[in-house]
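Think of it as A, B, C and D in the order they're written, each chain with its own count starting at 1.
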Amino acid sequence: MTARPMRFGLIGTGRIGQVHAAGIAADPDTTLAWVCDPIVDGARTVAARYGGTVSDTAEELIASGEVDAVLVASPTPTHVDLIERAVDAGIPVLCEKPIDLDIARVEALRPKIAASGVPVALGFNRRFDAGFASARARVAAGEIGELEQLAIISRDPAPPPASYIGASGGIFRDMTIHDFDMARFFLPDIVEVSAVGTAAFDVGAREHGDFDTAVAVLRAATGAIVTITNSRHSAVGYDQRIEAFGAGGMLQVANAPSSLVSLSTAEAVEARPPYQEFFVERYAGAYRAELSEFVRLVRGETSTSPTFEDGRAALILADAAQRSATEHVAVQVDLD
Amino acid sequence: MTARPMRFGLIGTGRIGQVHAAGIAADPDTTLAWVCDPIVDGARTVAARYGGTVSDTAEELIASGEVDAVLVASPTPTHVDLIERAVDAGIPVLCEKPIDLDIARVEALRPKIAASGVPVALGFNRRFDAGFASARARVAAGEIGELEQLAIISRDPAPPPASYIGASGGIFRDMTIHDFDMARFFLPDIVEVSAVGTAAFDVGAREHGDFDTAVAVLRAATGAIVTITNSRHSAVGYDQRIEAFGAGGMLQVANAPSSLVSLSTAEAVEARPPYQEFFVERYAGAYRAELSEFVRLVRGETSTSPTFEDGRAALILADAAQRSATEHVAVQVDLD
Amino acid sequence: MTARPMRFGLIGTGRIGQVHAAGIAADPDTTLAWVCDPIVDGARTVAARYGGTVSDTAEELIASGEVDAVLVASPTPTHVDLIERAVDAGIPVLCEKPIDLDIARVEALRPKIAASGVPVALGFNRRFDAGFASARARVAAGEIGELEQLAIISRDPAPPPASYIGASGGIFRDMTIHDFDMARFFLPDIVEVSAVGTAAFDVGAREHGDFDTAVAVLRAATGAIVTITNSRHSAVGYDQRIEAFGAGGMLQVANAPSSLVSLSTAEAVEARPPYQEFFVERYAGAYRAELSEFVRLVRGETSTSPTFEDGRAALILADAAQRSATEHVAVQVDLD
Amino acid sequence: MTARPMRFGLIGTGRIGQVHAAGIAADPDTTLAWVCDPIVDGARTVAARYGGTVSDTAEELIASGEVDAVLVASPTPTHVDLIERAVDAGIPVLCEKPIDLDIARVEALRPKIAASGVPVALGFNRRFDAGFASARARVAAGEIGELEQLAIISRDPAPPPASYIGASGGIFRDMTIHDFDMARFFLPDIVEVSAVGTAAFDVGAREHGDFDTAVAVLRAATGAIVTITNSRHSAVGYDQRIEAFGAGGMLQVANAPSSLVSLSTAEAVEARPPYQEFFVERYAGAYRAELSEFVRLVRGETSTSPTFEDGRAALILADAAQRSATEHVAVQVDLD
């Protein structure tokens, strides 16, 4: 904390961009130096609250010489270009997931990233959730013996607009991608993907040939089996649970309560209010920790930030799941 | 189980008598030999289901020469006489609580019981509840270090009829007596009783100058403090909990669920059906264990059956609580 | 209960046969009339405890004219023959799962069962578990809206001997078959099965090319997706849970606690003893209810006993899972 | 938030003063203008982190003309004088509990406060805990019908140093005072106090004739009974629970978990890490809300800040408890 705060350039000021802006402003180790959005009013609003020079082009931000790191929170199709520009300029990047919807573009960029030595981190914020991180550390510490099964439940409170679905690349690339990364957080080497999907309730999913309900089963090189359960809606609040089953027991990460109060009556006992609403609330601490860890990465310190490679691996798994769910076969994958 | 089943004479065929009749009939170690009730139809109904010779007098049952043990489940005012008759006949007794509402009658009987050598056990069935017994054993095993506080919550589902209240001797002698014994199960030597009572909702309690809501605080010779919380009603089902707090932690005994199912919706999550309804359900296992332990007592084997002495001690505590709640003073007691 | 108790002939006196013998003896509506086992000492031991004429052949039992119903608890390869003999004799049958390991034999028997009009029930006891039955009834009552996902977790405490594995037909036909039936209890019409299996820890599974760890994903005609998670071991006790997820919320059936006591210390809080150990304990009530329901079926009353058709459907799903796990494809099924 | 931030003068920079300094600095509606402590290094450290002019006398701070409100977090014996000086200067005060250990000094100051019209709030922060506030609001909304019993459990993680105990005024005035206020949060009009205390483990308590373990039972004018359970230590973490029991059910406020993770093994299931450690963590949100509400009070807006009157009432109850625990009588109180 004695070092000068790290100066961030934020690209993209939508919902997730705003979350990051607030985080950068609140962290004593970081400061918001530049904010850019082609919809320049968005950038202006964010800068008014959290500071920073406003721009409507990323080029200007990157060329400013006033940013130590770039945070990419713009629409997915822009990610590859922005990462490349930042890396060309020698500026470290923290990019929101996914890198791209097209694995070919990711593969094309991959050698340059590797050769550059410029840190590129992916915004898999859930790795920094205190509960998930603790569960993984305790699995690694052997508290449940050999890990044999991992169940990840991830359900959003409500489906996005149909227009979002249309541009999302499908549920596996858009939503499950977090869970693929979470699977790899526990079991990095996944070798097979099976997936089943259905459009049970969402008009947008039906319209765009997408799924709103899905299950993916992954096989790890260790033999462990991962089950991911997704839905685009959840009446009970944001449903984010993990259960790690091993030879010696289980570690379970529960949903985050929104209150410590429970009600018991003649109708029902120990009823609590619905879970926390969505990711801004549930993963508030995870976003803070993600930022701190990225700062460490940029400083050249030991860091656990997920990398470009992790972003690529998650996309390969998403592609495999999409193919499996469509073609009704298990798909072998090679993440090397 | 190789021994001939022990032949029981059951005196009293009201609700609790019926519970005991079913238990005696179901246990391979015991058999129902005689059943008596001045309301002879009650005795006949019980005998028809569970066997036994019917009588309308306890004298006949005791004199029959066909009972190895007597179970007294008749109204409280008859207990002292029936215990005395059985002991005079050399027949062991398991008597429902309380021994009597008048401590003077209990004290008068006490020397004879002590001198007789005939086993007399009191029906403090809760000592045999698997949860409470386990908690006590684990306290004794040192799992929470020195026991400093004990909280007993005991709430019936609904108040009895006003007529019952009038003859009950008041909430402390009728209902809390179980909790006084439970306090002594953990901390036998109680030296002080403070109690507060109120008539919050029950017409019968108001009519008879009784309480429907009460708290008793006991001090043990060890310095530990016991808090007993009672109510004559409970919307959520039978509320029977214990929390033992020690220097190293807590042991908590939860209410018994009536189902493993919980419901989560947009209104509330993890809501379960109300707890088990009342003592017949909650303490079914305890009644069975109580009977087995009494059989061991009668056979001269090692037994943890609560005794006449325990019945006397609980009544002394009830008397002290009644006085404390009425006179607004803490009452010192000597249970020797 | 005014009717004469139904006279049962029990075929097979291994572990599950003994469970049924105890149940038949304890139920006032049923009586154990004949007991048969080629290992006649087993039959003698059971008859000594629960009554019944002993035989070493099923033929004698069926021909005795003294049994109103047959309970088949003998080894799987004998089931088809025994069902057929009993049906030929016009005697209703309650047969343990599975009907057979070979679907061809099941199909061959099917028309005769259908034509006979003799009741044949399958021992899918879990349908009668109070928790699972309540969850299903509440789903049917609309408490969580349209059912979209169903998760069934089923893990045995420890693997059977390698010799058992060898004759078992594999995990899907031996163990998961219960879960396939449970899936159909909620969603009768399953149209697709995907499965993944591994031999993570069990020597017997490896030796016989079987799995000890498996996940099966089923698609119902309604579009709902079922996930079944199995393991042949579970350190925490018998792990038997269900989670039904619908448009309006969730119904969850928890593991059965073995105690109401929890321990809190400086190391960990609210720690409870492991779950109930295995099926005899966990499904004690389910076995009783299964028997009652079968009695109703035999009496021609309304009954929810699972039938021969349910046994056939579960086996078709098990076969599909075995093929899916081996060939790495999703398998379409037709249960008609 | 459009108004100029309210300028605070903080008096006292011990542990609780530092909590308030951080809160004032973090709240956009408030700013730390002056910091005073006779140990001026403490004031300097706080000012260095959170801003503010440093002083070693409260007089200078009050006379500065640069503070809109005073926050008194100095030792208890200074509270009365400081409140008086601030009120004389027309400056609103938020004062930590208790007002004083001597009720006579409080009564002497009372008329001046009442006549002044200057807002004086007491730091009963627990009223602003989200869980407790929600429970109270839901009781008021009738969710459990008429409130009949209220149980407050409040146990600190570890006893303070013996020297602190000596100057604390005893457990009832120092620690239970929060619980007396919490009782009045639900049931303002308390009419009787009974208390029992013991020195079970703490050398400091024994040395100073104080208790480390105590139970207080309060009777409200409504007839409701409140039970407060205290200990100066708690192995499981900060133990802060409330259970409100009414004619229609219960509202329970659980301890705050420190993690969402639970561990299940062959030894124990669903074991979670100990609860949050102490008040800084558990009541972080409550301190923020307390400050916001005080700002509203100062601005003349509707406010629920506890007042000087609440501070006086809590002290009267503490005095009564001290007398009850010493003289073994129930003590009638009049809070008017």
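Basically, contacts are C-beta pairs under 8 Å (C-beta built on N, C-alpha and C of every residue); 3 or more make two chains touch, one makes a residue touch a chain.
Source: prediction; values computed, not measured.
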**Asked** Any idea whether B-D or B-C has more C-beta pairs in contact?
**Response** B-D
**Message:** Farthest chain from subunit B, going by the mean of C-alpha atoms per chain?
**Reply:** A
**Item:** Length of the line joining the C-alpha centres of subunit B and subunit C, rounded to whole Å
**Value:** 41
**Asked** How big is the gap, in whole Å, between where the Cα atoms of subunit C centre and where those of subunit D centre?
**Response** 58
**Request:** Quick one: which residues in subunit B touch 2 or more of the other chains?
**Result:** 144, 235-236, 248-250, 255, 263-266, 270
**Message:** With touch defined as at the start, can you tell me which subunit A residues reach subunit C in the complex?
**Reply:** 144-146, 148-149, 151, 155, 192, 194, 196, 198-201, 213-215, 217, 219, 223-225, 227, 229, 231, 233, 235-236, 245, 247-250, 328-330
**Asked** Which bits of subunit B are touching subunit C when the two form their complex?
**Response** 130-131, 134-135, 138, 143-144, 248-256, 259-266, 270
**Asked** Which of the residues in subunit A come into contact with subunit B in the complex?
**Response** 235-237, 255, 263-275
